[in-house]
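Quick heads-up: structures coming right below.
In the two complexes below, subunit A is the common chain; its partner is subunit B in one and subunit C in the other.
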Partner chain A sequence: MIRLRLFLHSLGPIGVISIVILIVLLGSSLLAPWLAPYDPNQIRMSERLAPISGEHWLGTDTLGRDVFSRLLYGGRVSIMLALAVTVATMLIGLIIGTLAGYFGGWLDDVTQAGIHIFQGLPGLSFMIAIAGTLGPGVESMFIALVVTSWADFSRVVRGEVMKIREESYIEGIRAIGGNHMYTLIRYVIPNMIGPIIVLFTVRIGRVILSIASLSFLGLGLQPPTPDWGVMVNDARPFFRSYFHLILAPGLCIALISFAINCIGDALRDALDTKTEKAGWLS
Partner chain B sequence: MSKAFQSGWLRQRKHEAVKHVSFSIGKGETLGLIGESGCGKSTLSRLMVKLLPFDQGKLFFEDTDITKYTMKQLFPLRTKMQIIFQHPDSALHPRQTILQSLVEPLLLHQITDRKQAIERVMDLLAPVGLNEEILSRYPHQVSGGQIQRVVIARALTLSPRFIVLDEPTSMLDVSVQAQVIDVLKTIQKQFDLTYLFISHDLDLVAHVSDRIAVMCKGEIVELDQSKKVLNEPVHPYSQKLVNAFRGYQTNR
Partner chain C sequence: MLYVVRRLASTIPILIGISLLAFLLSVISPGDPAVEALSMSGISEPTEQEIEIKREELGLHESLPVQYGRWLVKAVQGDLGVSYMTKESVSGEIMRRLPVTLSISLLSVLFAVGLGVPFGMLMALKKNSWLDEAGRFLALTLVSIPGFWLAISLITLFSEKLGWLPTSGYGTWQHLVMPAMVLACGTCAILMRLTRAALMEALNQNYILTARAKGLREPSILSFHALRNSLIPLITVIGTYFGSILGGSVIVEVIFALPGIGMFAMDAIFRRDYPVIQGYVVFTGVVYVMFNLLVDLSYAWINPQVKLGVKLK
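Entry: the complex of A and B
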């Protein structure tokens, strides 16, 4: 309990507000089937573009679907997909970055070349190309997002490993007899947990944005999936008179990526063992 | 033995850090190694405990030729030779308690179980001048002098016979430095240890060493009894070093 309080304190006010926002958004997505007043896909042509009312809290869209219900469901697929993409990216980045940073030499030269090539790719255009080639959908988005983000992750991990490799305690455990495996697992990886958690968090936020962009462009999740990016696209033709239709899902996308980013920043400080703030760790 | 660092990819640059160095250290002896920073002392020390591969030469440990030993073959030998580094602030795993770091070598080498390891660690606290209260702390909660004592105790858990001390006190305050040197001298007698003591401080080297090796630009230019090197240095570089030291002493 004390530890939790210390942790929240170390996150600072923005960090805590962001956590609250995130919990609300995640919780409502998770509980959408119970919270949603209507079926998010039920079309009622008689009630098209209904205004905000007690019956439809956020009105209905052009097909008469309840916007509030769609909003509750709208984060589910993208959040799950973003999680899957980031976990996959992290595993690839962790393996490549750790090996390259720790062993150096030709292994590093080869992976560095790969990283440079993939980092040089224009992210969104490349994602559009992949999604366009493989056809829109969850699988092609997964592939496109992993392909465009593993390099960045590897690069950061490599940098962290190279920093840690120079610390005396690495030479120390080698001198005591720890082999490479032992050194990597017990010494290198635990000492970069902080940066990895931060990177992981920030990445999820960015991937959610990318998914929304792709869905908005029609290359990601497809209608009628209730999804924030898709909803923004659906609302585009009407946004002059029905601004809330674009505002509501847009705000959800902005809030979740903003909250996740702030949490990442707050964690960066909270996990830094060299500052006072990390008291909750020990 | 020799060691050159190669760098550059297209155009290879070679930097000979240690050049054709040859010496031996007698059992129970302290050999001091002195030279200005960048002359290759640390590189030589890493070569001696096989933390770095060398290019040419041979390395013997207690009459065994360990030149071609693989990491696996070296593993049991790691208990017999230890090295202590310069920087106390990064000497220990930041996320392990002092106790975890101290029992780790014994558990890694499967010499004892955890309970016996803790007992052994307890027995070693007094010789290095620490008390139990430190064991539950993390490295960032411990002073530099205490860290160096912990590192010394950690090396001792494995009952080594030879310890390389690479400027073990150069990052410490003068008063703390003297205490750590005292600890090193005490345990040397108590556990019958052989030292290679590295420093850029002639005062210190003269104080602890039986013999002194003077290193300059990767070469050992002079190696003799401490008194001899201090009183009648032969090589011009040693003379320069000793004169500087004398000047410093008379100014005091």
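Entry: the complex of A and C
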């Protein structure tokens, strides 16, 4: 309860707005099939690049598709993919980080070497190279994103586990005969839930941005998928006269990642005051 | 000296690992490199025989470890192979395009430091004021805005509406301003936060209390005591981010049509020019690792505790 109050306190007015934004964006993505006034992929060449009107709230794009409907659908694939990537990253990070941090020794040495190698590659360039080499698509994006983010997650988990391992209660549990498996699952992992929740939240925000960037570059989701990143790219040739076609999807990406980052910050203040580097700073 | 040697030695396995990952990129690629190379030479439907000859030429008959060994030996000597597309050496092409990427990276670090550090200092000094709150909001916004979208918005504002800056291309300093602004965003936000945290920590130290007790005035406490001690770690952070900016310039180079290494890599990706993709990954990786090395060494030079292996918090 104290933590909940601390969380609400550190949210502040911007944070409360963030939660509202997040609920609206997630809700409208989820309910898109019922909310959208038009089929997001229905092409009407006679109505191409129609202005904003009562009929088309945000006008139509270069193929006459209703922009508002596409916007409602535009977060679905990215958000689901971001969730899948972050869950996969977290599982890998948890397993590798926990084992390395808890047992130490050669296992830790090998893990550390791997982490150093993957962190030695600037994230974006390696991600683009993997996604580009595998060819555009959801699967390649998934692989590219997991490969470039597991090391960060593992490093933070490893650090947390190493701290917890030194605590005297762990020694106590070992002394009264708790085996490694029991100690890990019952005591070590529950004690780092805070930092993991924080890391998970901030990661999702970053992955959404990465997916949008890849899709924008043509290496991610492909047209005609209604997706915010794809929509910005589609509208690029017309940005002079039809800036709202770029403004709307871009704003959606910015708002969702802002909301997630802001909530992540508040969670960090409430759950985990020690690891300041766990967030988007790292 | 021992520290320098040890730190130098520790980069070798990392560099080998990076080279292995870059090499593996061509292994995971769905196409046949020989076919790709031939099609770029203008042979769109190569015969079996032509493919065989090309495979032989590229050494694709060998086992993977042998291929990797050969590639690595050449890479260490600075030979990253030949581009399928331009038929020129990859390292030469990268070096030719490097000044473009380097100039926007340098300018963006300048922007990030020039805005991030003073703003972070203000936030620390006016802790919990509206200014601090506004800074927090600004930092969050800067990390949340998609770079490609910001870039197009800036073009619309500064080039189309106001006509102050050129839309795209390379040549004058005006061409560099908007790309550097976009690239600076993330680093600027991080610097704001780190400066704020570092300065606040420094202001809580006992020697600041002593300085105040001695009756020194606030400006001199700030500049002579607090700043000097809190900014040293920041300098090292800036070094680390410079390395990653250099590797992360792809989007900006594509939107602003800058002929740098990021644009080169993007072209290569769409043409399946594997030697170039590999070369790009190796190059950005090596630069990044080297920057981290320099940062660590300079940090050890500033703070001798590091050399003795004293754990810093």
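One rule holds for everything that comes next: the second predicted complex is superposed on the first by the 258 of 282 C-alpha atoms of A that agree within 3 Å, B and C clash if a C-alpha of one lies under 4 Å from a C-alpha of the other, contacts with A are read in each partner's own complex, and residues count from 1 in each chain.
The working rule: a contact is a pair of C-beta atoms (placed from the backbone, for glycine too) under 8 Å apart; a residue touches a chain by one contact, two chains touch by 3 or more.
Small disclaimer: the values here were computed from a predicted structure and weren't measured.
Trainee: Contact-wise, after the overlay, does A:Leu217 reach subunit B, subunit C, both or neither (first, second, both, neither)?
Mentor: So A:Leu217 only meets subunit C here.
Trainee: Once chain A of both complexes is superposed, is A:Ser168 in touch with subunit B (first), subunit C (second), both, or neither?
Mentor: first
Trainee: Could you look at A:Asp265 and tell me whether it touches subunit B, subunit C, both or neither (first, second, both, neither)?
Mentor: Only subunit C is touched by A:Asp265; subunit B is not.
Trainee: Mind working out whether A:Ile176 is in touch with subunit B, subunit C, both or neither, as first, second, both or neither?
Mentor: The first partner, subunit B, only.
Trainee: Residues of subunit A touched: more by subunit B or subunit C?
Mentor: After superposition, C is the partner touching more of subunit A.
Trainee: Between subunit B and subunit C, whom does A:Ser125 touch in the aligned arrangement: first, second, both, or neither?
Mentor: In the superposition, A:Ser125 touches subunit C alone.
Trainee: Quick check for you: in the superposed arrangement, does A:Tyr187 touch first (subunit B), second (subunit C), both or neither?
Mentor: First partner only, subunit B.
Trainee: Could you tell me which stretches of subunit A are touched by subunit B in one complex and by subunit C in the other?
Mentor: In subunit A, positions 281 sit in both the subunit B and subunit C interfaces.
Trainee: Where on subunit A does subunit B make contact in their complex?
Mentor: Its residues touching subunit B are 109, 167-169, 171-179, 182, 186-187, 190-191, 273-274, 281-282.
Trainee: Looking at the complex, which residues from subunit A come into contact with subunit C?
Mentor: 12, 14, 113-114, 116-118, 120-126, 128-130, 132-135, 205, 209, 212-213, 216-219, 229, 232, 236, 239-240, 243, 246-247, 250, 253-254, 257-258, 261-262, 265, 276, 280-281
Trainee: Which residues of subunit C touch subunit A once you look at their complex with the stated criterion?
Mentor: Going by the criterion above, the answer is residues 13-15, 17-18, 21-22, 25-26, 28-30, 133, 136-137, 140-141, 143-149, 152-153, 155-156, 160, 189-190, 193-194, 197, 243-244, 246-248, 250-251, 254, 262, 265-266, 269-270, 274, 277, 280-281, 284-285, 288-289, 292.
Trainee: Quick one: in the complex, what on subunit B touches subunit A?
Mentor: Residue positions touching the partner: 9, 46, 49, 51, 71, 74-75, 78-79, 82-83, 85-87, 90-95, 104-105, 108-109, 138, 140-141, 151, 154, 158.
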